[in-house]
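Take a look at the structure set out below.
Just so it is clear, A, B, C and D label the chains in written order, and each chain counts residues from 1 on its own.
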């Protein structure tokens, strides 16, 4: 299990390769990458600032990952979340799940993202040409998370 | 839309980057990679031979991709399927979906794989130490595909 | 001349991947073509009997037993697909 | 001494990211600590009133209003999370 909170970028191929190393029993690899997205029509977003709670963030990611492992038939997984200042188009988060079975790999990957969004202590601030503001919690994220309960 | 049937390997990061090129409106990238998996306990599998129907295979992948685009709010996608002789651990298939929304990206990616497994003309033969045999169609794949109907 | 194609285990069973065939005038559907091919010998009969699960496409579109065929078509027979 | 932490918009509103606090003897729950902090001035009152949606963790585990706290704990307050 690979859990990391870091400022550096990640490479999906590299992380997948690392998880599959020396294995020949993996049929399915699912990945989710989240990127900084400029929702404004006029490209107003300059950057996103990602804040976390050192110590607790890692612990909650590990707890979420352990839940995924107990709920689905998966072989290994990685969760990497970046913090600091990120420009539009840059990577924010990566989830990789490897398994013999694609259904489990898909479900676990989606679960990890939904839980991470609502339960891991990260906060986003948008730095725009017109000023800064904290990103509001989305009710759709709460609903996405609750369907796994 | 990127559809390819090829003998060469692919790189998940590279294909994702290609789809996202010059875009800042992509929040979510989901990917599925299928690999040659040795299910035998004693590592009997030497290779997988992938056969396809040139012309029709590309057409059916395109039709499946167009269905995904009409059913979900996604921005672009790639489907790459390798053919020829592949060793255990090697990549077989890649699906990448990019979208503003992770829920659509996940659903479309899973749909593409389920449909590809049952509707695109590819056939797998296992070359083992004890001989060769064609892989049997799996009823679980039919069921996975039918749930989207 | 119709073009017939055979894939995967079917290709191996028949020891043939393709052929050109002048369709007899009374063969106008996939089912009739299968009946015709089944008369070619033991391997062909086994492959084209009712219980064998065989898929068919006409001009690279999936087709059914009652699909119409003509002498200009590309008709392919193959087992259920197992890609991905 | 308890260690108090404040994150994100709360940190900015209070202009403080952490502090050491000797918990008064009559403060034994999260709710009591919030009431105590709310008396520190306008910003604090706004942040720690009932309607403000504020999450709390005790020793890096999510906690509730009635969770017990002691003088050795690390107690963090923060808004709903928005990672990913």
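Convention: contacts are C-beta pairs under 8 Å (C-beta built on N, C-alpha and C of every residue); 3 or more make two chains touch, one makes a residue touch a chain.
Here the structure is a predicted model, which is why all the values come from computation and not from measurement.
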{"item": "Where subunit A and subunit C overlap in contact partners, by chain label", "value": "B"}
{"item": "Per Cα centroids, the chain farthest from subunit B", "value": "D"}
{"item": "Distance between chain centroids, defined by C-alpha means - subunit B, subunit C (Å)", "value": "27"}
{"item": "Whole-Å gap between the CA centroids of subunit C and subunit D", "value": "74"}
{"item": "Centre distance in Å when subunit B and subunit D are each reduced to the mean of their C-alpha atoms", "value": "49"}
{"item": "Two or more partner chains touched - positions in subunit A", "value": "34, 113"}
{"item": "Interface hub residues of subunit D, defined as touching at least two other chains", "value": "none"}
{"item": "Pairs of chains, among all present, that meet the touch criterion", "value": "A-B, A-D, B-C"}
{"item": "Touch list for subunit A against partner subunit B, complex", "value": "11-14, 16, 20, 23-39, 43, 45, 88-89, 100, 102-103, 105-106, 109-110, 113, 144"}
{"item": "Parts of subunit D lying in touch with subunit A, wherever the complex brings them together", "value": "5, 7-9, 53, 57, 60, 62, 76, 78-84"}
{"item": "Residue ranges of subunit A in contact with subunit D within the complex", "value": "34, 50-53, 55-56, 59, 81, 92-93, 113, 116-125, 134-138"}
